[in-house]
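In the two complexes that follow, subunit A is the common piece, with subunit B as its partner first and subunit C second.
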Partner chain A sequence: MNIGAYVIRRALLMVVVLVGTITVTFFLSHLVPSNPAIFFGGQNPTPQEIQRITQEYGFNTPLYNQFYIYLRDVLTGNLGMSLSFQLPVLALILEGLPNTLTLAAISTAIALLIGIPLGIEAARHAGKRVDSLLRVFSVGFVGLPQFWLGIILQLVFAIWWGILPIGSYGGTLTYLSFHPIKTITGSYLVDALLSGNMGGFAAIAESMILPVITLSLYPLGIIVRHTRASMLATLNQDYVRTARAYGIPEREINYGLAFRNALPPVLIYAGLIFAGSIIGVIYVEDVFNLIPGIGYLVIYGTGTGISSSGISGSVDTPLILGVAIVTAIIYALSNFAVDLVQIYYDRRIIK
Partner chain B sequence: MPQRSISLSDLLNTKMKTRNGVTTGQAALAVVVVILLAAVAFYAVTSTSGSSTTPSTSTTPTSSSTSTTGTTSSTSTTSTSTTSAQAVTPQTIVVQRNAWSPDMDPRETSTIDVVQNMYETLTYTAPNGTVLPGLATSWTHSADYITWTYTLRQGVTFHDGTPFNSTAVVYSINEIVKYGGGDAPDVWDTFKSVAANGPYSVIITNTQATNEPVVTAAAYAAFMFSPNIVKYSGAANDTVGLHSWFLTLHDDGSGPYMINSTGSSISQQTIELSAYKNYWGGWHHGQITSIIVETVSNVNTAVQYAQKGQLDVIGISGQYQYIPQLLSAGLQVKSGPSFSAVWLLFNNQHQYLNNQLVREALLTAINYQQVVNQAYFGYGSMFPGIINPGKPFYNSNAPTYPNAGNKTEALALLREAGYPGGLNVTWTVTYSTGSPFLGTACQIIQTYWAPLKVTLNCQGEGFAQVTKQAGYFNQTTGAVFEPGPISYASTPSAQDIVLLNWVGATADPWLVPDELFAIQGAPYQNDILFNWSYFRNSTFTNLLNQARLDESNPTVAQAEWNKLNLMFYQAAPGWGLFAENQVWVLSPHLQGYVPNPYYGFDYIFYYQLTYS
Partner chain C sequence: MDVSRRPASSLRRLGRTIRTLSRDRLFFVGVVIVVFLAVIGIFAPWLTPYGDQGAGLAATPVPSCPGVPTEIAGLCPPTLAHPFGTEELGRDLMARVFFGVRTSLTIGLYVVVLATLIGLAVGLTAAFFGGWVDEILMRVTDIFLSFPHIVLALVIVAIIGASFYGVFIALGVVWWPAFARLARGKALVVKTQNFVLAAKAAGMGNGGIIVRHILPNSLAPLVVQMALDMGFAILAEAGLSFLGLGVRPPTADLGVMIFESRFYLTTAWWFALFPGIFLFLLVLSFNLIGDRVTQYLDPRQSGLR
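What follows is the complex of A and B.
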């Protein structure tokens, strides 16, 4: 198989995965007992009121019919209207996505930049004190729940020591109201940089330190563990021994020869970690009050942010489906990108 | 395969590629590292200036003497301000909302914590229940209480300058009823027509005797707005188009505050209100001129912001464990009675629970005081009878169960019911996880029912799931909040007991008992709606409806309510565990908050506050 055929095959597979995801999420979301009509009914809506809304918005048509309409709309870029925000889902997602992707990208980059060298060092010193120490930390990072970690970091750095903001882009709740940032990409951090607003860039970067640490520790632990394992497997290969016999410097063997062959499995995780960060962001954006973002949409979409009185609360199906589809696209694209990078490193996988 | 052997040429070839690859990778990594280092270095250099650009909020009393009665002109500049010194005055406060809602539609919105500051009603209910003049200065009624004539306040204008008059009232009420959203059907259920009676007088006619000043003072769906909104929205005769206009953060009320569209942002989930300079009530020194409503859904985070002085008002949604730390941070914790209460509803159709003596025994065993203290941190109070304390016809002398519980008496009642050795039963208790304190309440009740040989399975679920288990769902489609048949109640699928955090849409004492304990009117008489006790006593229901009709005759109505309280106590289909207090956490600078249970969950009228 040549590269072109392989890439096309992977791309088609991606489309199948996306259609499958849309189908599964649509039907799963309709298993949850919920009537979106109550969103429109205010507090303690009357049955007549709910019935009127149900008919008006077509919630009472058969499920397969609703699915057909939904699929047709999705393919034309229409993800429907959010019931809780009463705005188009696509607009909401596009508004939140740049900031969320920025968080996820920085967190993944940090996890890779720190995790890979640490993993290599752990493998080089396998069984020694450095390895044990790194194992303790990496396992510890993997074991820390992100929502808990975020709260603890907030408590220590923002409340006790007061050296970093509690949250919100810009560091205070009203920062962006008084220091608007010109919209270019939709990501506050990137836009501040691109528009030369260095004061804004500094304030937003500062407010993202704790969220990024919270998001990156878990993937950092994963990367360290997988780089170590992958490197160890490679370092035990015959060709490494042969390379040593040829007198190739140890550093070049570790960081060049062995690392190159150890990298593909790590890259697979890197792609998944980046996509997975979109999910981790849900907690992080909630705890650090980072608005707008995909995490906030999920919080509201699942009804958890609506039940302030404990009385109302329902699932915002279009919003949840929209977020699920976008997350699936990000997963699929990440995997696709990983596939391409893997080809670059190892042509054998296309055979 | 990993074990594949490698030749020297392969090795050299690989090595060469590796070098190339690493060189490229290193270059990429180097770029990233350089960018990051540059950013860090830049941050280190600019961090001082960066922090100095952070705006001061109300907790930073800058130039406190600059603004006096000229509040309105100063707020009008707020929206265009770009620097903190000009934008934030001591009269600006930042308040928390735990969920974003852009619904500013006065016809149906439940976001009244914001909207009640922009719109006004014809009448206003004071915290003690007295109905006071609002946009109407006086009112009279016909002998049969069906027709009401209101005299309107003169000199009032809407935010666009349009005068408030009878045209506006007729338009507003007709528009609310026509749109029929939210609580409008409940609030205006006896409404027939409204007509102008001169420029400053209107006549409202009902289908039956109605206490109209209570209706026009409703917290929801009774706001007056300018007839000009159709012009601005471009949605003449299009109620849905009008709704969209409100959803994009527009308003045209007559209240003290108006939406500042420049400072508000849907994407940042921020709403900014600024003072309306021509407000008929006038302005005085110290009043709040600008309110920034910020969405912070995480209560813990909101608490941290409040402690740091970034939030001036937060509501902590029953999570009162934060109160000690908020108090120690110097914040004010204001607590007031609300009309929300926690109700325990027995499934009156299930075995044992269909026995009145068993239900009485169970209610006698509970230590209500401990439930309040542990589950709700003491921010609640027990109440006798079926009416929430503070509502009309509430009677503090109504019969009730012992606050601390009485195990001996409970066991005696069980013996009388024919269960001398206890019940030896396990029951499922459902509650909404939206009110996590109900789970604690369930655990406490479990300890007091253990001597009666009752085990509880406390089951927290989403409210929709609680609703479904209670049978308020369509048996064909499965959709919840659609009437289900009453026969479901006696099936094992129905819960045995439900704990419910409940507030009525209006202050009418009839509403909550009707929803929770009455047989519904046609066509729902054989259906399950919110009566999850499945109590079906037609004598009780008829008397309840009669008491509503007799509200305009207090002596008769009170006697009927007293009888209803006794019936409720004896039949014990369920019980109010405690009435909840609403708790607000306020900045130490804010004064003047008076809890008013008639307005949602004691929502704050910001006009009443002063900043010191």
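What follows is the complex of A and C.
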């Protein structure tokens, strides 16, 4: 099989998974509730609204027709209207997505930059004290609840030490209203940089320090563990022993020869971690009161974010389903990207 | 061929694994913490004099603490009578945390058991029948795997409603794919072994072969996976409850407590700290055990997700 055919096959598989995903959300939203029209209409829809929704989604037609309508809508980017915002779901998500992705990308990058060297060190000193210490830390990082970590970081750095702002969205927004940034990519941080608004960039960056720390510890732990495992496997290979016998410096063997071969398995996880950190961003955007992204939409959409009284607010179903579908698309694209990177590193897998 | 002895040999292998692991320091630490927390969870009603609702709001007057503003009078810093302090409604935080650990462990256990049952059903069916049944079931598994756990659980909870059972069902339903794959992989191996072929030749029915022979011999890796997943299931439950999509007040839940503590962060550090520490210990201890077990079973892969 040549590379082109392989890439096309992986792309097709991605499409199959996405259609499957849409099918799952369809079944969950159309079959589980007793009356889907009420479900899509929010808490107390008027009879007229139920009538309109029944017409729009074809709830009075056979199931296959409902599925056809749903599939057609999703594929043409019509994710419905958000109940709480009264705006199209897709527009809301596209507005929030750049900020969420910025946060996810920065924390994944930091986790890779710190995690890979630490993983290599752990592998070099396998079984020694450094290795055990790194293992304890990485297992610990993976077990830290991100929503709690964010709160504790706020407590220590903002309330006790006062060196960083506690929830700086309001402050940042005030600054930005006096020094507006052009919307280019939709990501506030990137746009501030591109439009040369250094004050705005600094304000946004400052508000992102604690969120990025909160988000990167979990992937850091995972990357250290996987780099270590992958490096150990390569260091035991014959060609590494040969290289040692030839007197190639240890540094060059570790960071050049072995590392290059240990990297691809780690990168597989990097893709998954990037996609997975979207979940972390949901918590972090809530905890830190950040510039609104996907997380803000979820908190709003569940209708439960603010009240702890036990009375569930109205659930914004189209919004929640829309976020789920977009997240699944990001997952699928990340997996696809990982496949491409793997081919670049190792042509053998296409056979 | 003595068919009945096969499960025993599989169990003996597990026993040997546990003996080797008991010499591992980190594994030991993990087990000690799990036992400690399990004791807290099981004996919570007897470990604190206050009960899960802190002896009720009416029974104890809201404690008055010197130096604390009246508008947050329910919140008292740690004292001898209240080692973790009290929370917003004046309830003893230690009692709440202990009962929260109980909730976490219960839901965690329910989730992995439900996930194992679904996974076993799907995995064994796929492996035993093979062909297009296998193909369809495994593609469905792939689709569920391609979804992030929490997002799918979020959708399900949004549909069936937030409650103790809502979060347990939602997480159980999204958690099975890993178990299905494991069960299928193991069952594919078991299926070709002589004692299964012998049972088939002796005229045993499909259901009988699956339940009597394939199931007991596929269990060991699933038990390991259950221990591994307990930590992540507990974390996911607390996360959903934190978002208001899980256990609802007044049930004691660590995620809900952490959510509530945010409103008093500037004055009541203990309210955020103690529930979080116990949640962290729960997740950490199961992860430690899982990490060491996987390391032992397959040194090339350390099983953190």
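Basically, the second predicted complex is superposed on the first by the 290 of 351 C-alpha atoms of A that agree within 3 Å, B and C clash if a C-alpha of one lies under 4 Å from a C-alpha of the other, contacts with A are read in each partner's own complex, and residues count from 1 in each chain.
Keep in mind that, in the parts below, a contact is a pair of C-beta atoms (placed from the backbone, for glycine too) under 8 Å apart; a residue touches a chain by one contact, two chains touch by 3 or more.
Treat the numbers as computed from the prediction; the structure is a model and nothing was measured.
Contacts of A:G199 after superposition: subunit B is touched, whereas subunit C is not reached. In the superposed model, more residues of subunit A are touched by B than by the other of subunit B and subunit C. Touch criterion met: A:A233 reaches subunit B and subunit C at once. Contact with neither subunit B nor subunit C is seen for A:A262 once the two complexes are overlaid on the shared chain.
In the superposed pair of complexes, A:V284 makes contact with neither subunit B nor subunit C. Of the two partner chains placed by the overlay, only subunit C lies in contact with A:R225; subunit B stays clear of it. In the superposition on chain A, A:L215 makes contact with neither subunit B nor subunit C.
In the overlay built on the shared chain, the residue A:Y345 is in contact with subunit B alone; subunit C does not reach it. In the superposition on chain A, contact of A:Q154 is made with both subunit B and subunit C. Looking at the shared chain after the overlay, A:A123 reaches neither subunit B nor subunit C. Within subunit A, the residues touched by subunit B in the first complex and by subunit C in the second are 32-33, 151, 154-155, 159, 233, 286-287, 299, 304-305, 307-310, 312, 315. The touching residues of subunit C, counted against subunit A in their complex, run 26, 139-140, 142-144, 146-148, 150-152, 154-156, 158-162, 231, 235, 238-239, 242-245, 248-250, 255-256, 258-262, 265-266, 269, 272-273, 275-276, 279-280, 283-284, 287-288, 291, 299-302, 304-305.
If you check the complex, the residues on subunit A that touch subunit C are 16-17, 20-21, 23-25, 28-29, 32-33, 39, 132, 135-136, 138-140, 142-148, 151-152, 154-155, 159, 221-222, 225-226, 228-229, 232-233, 275-276, 278-279, 282-283, 286-287, 298-299, 301-302, 304-305, 307-310, 312, 315, 317, 320-321, 323-324, 327-328, 331-332, 335. Those residues of subunit B whose C-beta lies close enough to touch subunit A in the complex are 2, 5-6, 8, 10-11, 14-15, 17-19, 21-22, 29, 32-33, 39, 42-43, 46-47, 49-51, 53-55, 57, 81-84, 87-88, 94, 98-100, 102-103, 108-110, 180-183, 185-186, 220-221, 247, 263, 265-270, 272, 292, 294-298, 300-301, 304-305, 307-308, 310-311, 315, 317-318, 340, 432, 434-435, 438, 462-465, 467-468, 473, 477-483, 501-505, 515, 524, 529-530, 601. Those residues of subunit A whose C-beta lies close enough to touch subunit B in the complex are 32-35, 37-38, 40-52, 54, 59-60, 85-87, 95, 109, 113, 151, 154-155, 158-159, 166-167, 170-180, 198-199, 201-203, 205-206, 233, 237-239, 242-243, 246, 248, 255-257, 259-260, 286-289, 291-292, 296, 299-300, 303-315, 344-345.
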